[in-house]
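Common to both upcoming complexes is chain A, partnered first by chain B, then by chain C.
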Partner chain A sequence: MIKLKSALAGALIAVLAISCGGNGDEGRQDRRDRVDILGAGATFPAPLITAMADEYRDLTRNRVTVNYQSIGSGGGIRQFIEQTVMFGMTEAFLSEEVMSNVEQATGGRAFNLPITVADVVVTYNIPGVGSGLVFDGALIVDIFMGDITRWNHPRIAELNPGKDLPNLPITVVHRSDGSGTTNVFTSFLSRVSDRWRNRVGYATSVNWPTGIGGNGNEGVAGAVQNTPGAIGYNSFAYALLNNMAYGSVINSAGNVIQPSFEATTEAANIELPDDTRILFTNTPAEYGYPIAGFAWMLVYENLDANRAIRTRREAEELVRFLAWSIVEGQELSEMLGFARLPEAAVEKSQQMIRQIKWENEFIGAEVLDGLAAAGSPNQ
Partner chain B sequence: MKSDSNSGSDYTSEAQELLRRPPSALYRWLGDRIFSVVVVFLGLSIIGLAVAMAVVLFGEGSQSIRQFGFLGFVRGTTWDPAVQLVFGAFPFLFGTLVTSVAALLISFFPAIAVAIFAAEYAPRWLAGIIDNLVQLIAAVPSVVIGIWGIFVLAPWLRDNVYLPVFTWAEASHPALLPILGNPMGYGMATATIVLALMIVPYTTALAKDAIKSVPVEQREASRALGATKWEVIRMAVLPYARGGILAGAILSLGRAIGETMAVAMLIGNRNSLPFSIFGAGATMPSVIVNEFREAVESLHLSSLMAIGFTLFVIALIVNLLAAWLTRKFSIKGGQVI
Partner chain C sequence: MKTLVQRNIRDRIMESLLVLSTIVVLLPLVIIIVHVIVNGISALNWDFFTQELGSPSRALQGRPTGLVHTILGTLVVDSMALIMAIPIGMGAGIMLSEFPDHKLNPTIRIMNDTLNGMPAILKGLLAFVLIVKPMGTFSGLAGAVALAFVMIPILARTTESALMSIPWSIREAGLAIGLPRWRVVLSTVMPAARFGLVTGTLIAFARAAGEAAPLLFTSFGNNYLPNHWLGMILGPADTLPQRLYSLAISPYTHWHSMGWAAAIVLLVFVILCFGTARYLTRQKH
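Take a look at the complex of A and B:
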């Protein structure tokens, strides 16, 4: 579907290019002004970034085209390091090692700018039981470790008084493909359980102690929906779209949190480090949903050191797009099944954008100040 | 060329024309050379491509191969991209070999039967239909077969085969349970059955060609000796065709080893031994397609590449085996060896 979308977008661009070509001098002027912003990376935020790209192209009257290839987080980081793209996108922030390599290679830092918040819900298929089963972290760990194997286990009944839980074996379904969803989910489990952290850990793919693997959100959803007694995890938007039963989770403050975009945004509304490289699963936020994490855009502090960016104009347009995407671009979120960035993250991102340089000039600050002067809601 | 030679199928006049006015010496000299250069270049480029692929896979996988040693990598049973960062390919090697050999065993005799029926028994119109349908199976994209497997075959097998067998074992032979594994429908057995289905067309097509190429004299001779139809096939046709049949089977095995999407969708993707019959497993292509996109750690990526290299080596061995079998079992000069 994403492919189809980008194909359509490509066709649209081609048509526009042809129609502009007929406009004589003005059209030619446009074409010289035109800037292509290249990005690549994570698949999860791809629908959002593609929609943002469409919106942004309309906004700039076809002047700025954002071309995003969803090749996965690993690919996004590699393309970013190899400097074949202007921005990368990832669901796992850059490791210390990569950060220091970048600093050595370019003389500046790599910025991780949050673009959206990924939320993961526990989905299940129990005949006669709908959404709203309550889980806590320890219970999810025990189920995914394979220690609790029946739905009528007292631990589940204890958290769900009044629910009629059948004596049905539990089939654990996890993602078989490497995925940011797995990263967020396993990071939550690692946070709530030392046993999980030491035995399984968290990453885009892990060595699962039990269960079967489905390929992609759709693979997990298919296996869960086809197997009575199955439990899995999906991104919230996917569970909503497919009418899957999903559970509520007790967060670190002890509140039962029903998944919602607001609760997800709330989860990230915490004290963030300046570089936003943080996993906030099991969030301390009182009403935050505990299984959520950022997806980041990656840019260099010294944009002139990125070989993919050739001119100062391209750099400025990139910064302008970044600044737009974390504020106005967020308006597209709910419609596409994404949670908005919280205030805290937008502020930190803007502070980082301010430090972006082109040949030692702070073009990030210039762009943000320019936008503010023009009366844009960018601060 | 000639304007009067456009009289449709009348090639003789064209040939006569060419004989009457032979092409110039330069044309003959140059034409042959250009043609041979083109052919040699294209032929060598295929060899170069295969070598380049092996070199790239080995190069990209070298970090992992250096760290664990090639044997250590192939024998290692832990695949942990999160905590220990240890990568061993044995579960995938095992899963690949078991599923593809089992698939070949399941599909071999039905495929041969179809080939014999289409070549020897069926009237021409029916053989044509069978041919087309068999080719159709080969043409269905494996992701489509995978989807059909997820939504139709796996639930059906679970309800009608796995669960009854499992309940029977639970009641009378509890010792079998660990070997049988969790009967949830996605696992080694389902993947093997789908693989068997997918390789039937290859075995069938090659076996049919081999059977058809048995000389008529061979059949007539055994008929003349009073053989029945079954005896003709068993004693005259099949021994003569066995080289081609075996080569076809081995090529199908190669296809099963490399099959990716349908297997990844149905095998359940469990990355650690022990695998069980109904339970989840994994193969080399399935783990590559699953984890390649989001492999962030360089050692993880390198290990996936090293699996690719191992797969390449296995495919090479299978092809060499096919060539050897064909040579060993072919019949020369009508004599059974």
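Take a look at the complex of A and C:
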């Protein structure tokens, strides 16, 4: 027994020694400078934010490590409120109720900082028909309501002259789990159709009138790809990654918009409120893709009120990372299948970052001014 | 009256039936191990043991990525859980076995069974409220506490039955030479029950090592090695079962094979623990 225990203790000590001595080439002072930043939330922007974290770590020479765990938008908001993470991430902005609760608890506001634009495409599997089938809002509503049940329906043919559409039954596929993608998609349907708004509405999960459920983007994609005649919805990045056929959508200005990063960015190029809490599906932007919405990072105005942040240094490095992610970090977007933030959103975010405080000092403004002076986020 | 030949045949039939049922019992285990190895072996390379996971784009672009932080995190969290659970779990087991008349025992037994039957995710929730909320951050420590809750009832049970299997005469011998009762337990009963105690500890450990649910909102997960001393204890830590799950549900094929490789490591880890402990307990005889 004693031998076993000492062996276990020895193993633990060895493990600790290894885990702490991982990067032995750095100096002692250097190590004290290091900061771990913890964020969690939405799954959709996770590939982007983790790639940013990789990049930022290299940029700061391992000084700042951003650990982002994708636990879903709901979880992101929850842990943000519980103050167990330094920043949250969500595809649905904070409700008035949550905002006022935060104000009561921390004496400051909660900021919703756009980090990227989520775009949802209609994916389908029709043998012999590739990407580019044209849909309008009313048609998508009719299909997802279960009113149009065959691909050779005159309404579809009308929008797609010259396309040879088979007499194939339509199988609707939707998400079975709560999802920001569903929120964006159903909010678009609610905006184009009163019938949809009254009967189904929009949320991270809704009562679908018809169709089969798939768990996650991959569940929907799998069902669509394995079922001839299936139609579903996926995030654009996911459809690209998996070579799925996706449709173009006619927007509110009457233009046929093929999904693209530019069209998605364009969708957000509208009059934004100062707190950027706006849903712009069915965007009024003339050449904007209509099924798109922001994904936001969540931070407190008073960072010292967030129990997850213990020191001013952590707060400063968090702010520095936020400022970097909405400007330089956006360079990674296209490569990873994400649309860039429009200028207007970056400006609004920077205005909010300026108001971030630590013990009543405006560290957000300090960091931004420091960056502007240095021209680079790092030394 | 049956002939010797008949009886021999009957013996053979029974024997082969027993062998067959043993195979049937072992078959699922073999299938699992083979399936895991076939799917994961291709992702097991030097990078897997030396690099951090980072973002999925690392895997997509073929840059080095691995699970060194996950493997270390598992060792740290699981060992801490064991260190916390052994005194409490074994203590309860000793109490139940050696002081059978104590008036607290019926309560302990009921509470222990309840704890054992409680879903593991609730234990995670308990650790979230007890450790994560007051600390203001997810931590390996919280994960260890959650896993300790998984281990304690199993340890109490197995300790009790291991000690009960030791004949009463051994205790009487100890008492006869004037040892106090605690000394009898510590110096005669427990060494005699050594094998059972270690086996029980291992069952508890192996059970906890495979749990992902209690870790979801306690140790939380990390894509990198922490930057600070004790970072795995006081900050979020990655563990194999939880990382395995998140790799498996990801949309990236490379991450899927890394998930299988993580399963191989977890299997080998558990098997190694069993092997080592068996070796240590057998040495003296």
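The working rule: the second predicted complex is superposed on the first by the 349 of 379 C-alpha atoms of A that agree within 3 Å, B and C clash if a C-alpha of one lies under 4 Å from a C-alpha of the other, contacts with A are read in each partner's own complex, and residues count from 1 in each chain.
Simple rule for what comes next: a contact is a pair of C-beta atoms (placed from the backbone, for glycine too) under 8 Å apart; a residue touches a chain by one contact, two chains touch by 3 or more.
Remember, predicted model here, so these are calculated numbers, not experimental data.
Legend: residue contacts after superposition of the two complexes on their common chain; A:Asn226 is shown touching chain B, with no touch to chain C. When both complexes are overlaid on chain A, the residue A:Thr204 reaches chain B alone and has no touch with chain C.
Looking at the superposition, the partner that touches the larger set of chain A residues, chain B or chain C, turns out to be C.
By the document's definition of touching, of the two partners only chain C reaches A:Tyr68; chain B does not.
Once chain A of one complex is fitted onto chain A of the other, the partner contacts of A:Asp54 are limited to chain C, with no touch recorded for chain B. Shared-chain residue A:Ser131: touches no atom of chain B or chain C. Using the contact criterion defined above for the overlaid structures, shared-chain residue A:Glu82 touches chain C, although it does not reach chain B. Applying the stated contact rule after C-alpha superposition, one finds that A:Arg307 touches chain C and leaves chain B untouched. Of the two partner chains placed by superposition, only chain B is touched by A:Gly213; chain C is not. Applying the stated touch rule to the two superposed structures, the overlap between the chain B and chain C interfaces on chain A comprises residues 71. In the complex of the two chains, the chain C residues touching chain A come out as 54-58, 72, 75-76, 79-80, 82-83, 86, 132-133, 136-138, 190-191, 194, 197-198, 216, 220-232, 235-236, 246, 249, 251, 276-277, 280-281, 283. Residues of chain A touching chain C in their complex: 1, 3-5, 7-9, 11-12, 15-16, 18-20, 22, 31, 34-36, 38, 40, 46-47, 50-54, 57, 62, 65, 67-71, 82-85, 216-218, 221, 238, 241-242, 307-308, 310, 332, 335-336. Within the complex, the chain A residues that touch chain B are 43, 71-75, 77, 90-92, 171, 176-180, 186, 197-208, 211-215, 219, 222-223, 226-227, 230. Taken together, the chain B residues at the contact with chain A in this complex read 78-83, 150-151, 154-155, 158, 182, 184-187, 264-265, 268-272, 280, 282, 286, 289-297, 300-301.
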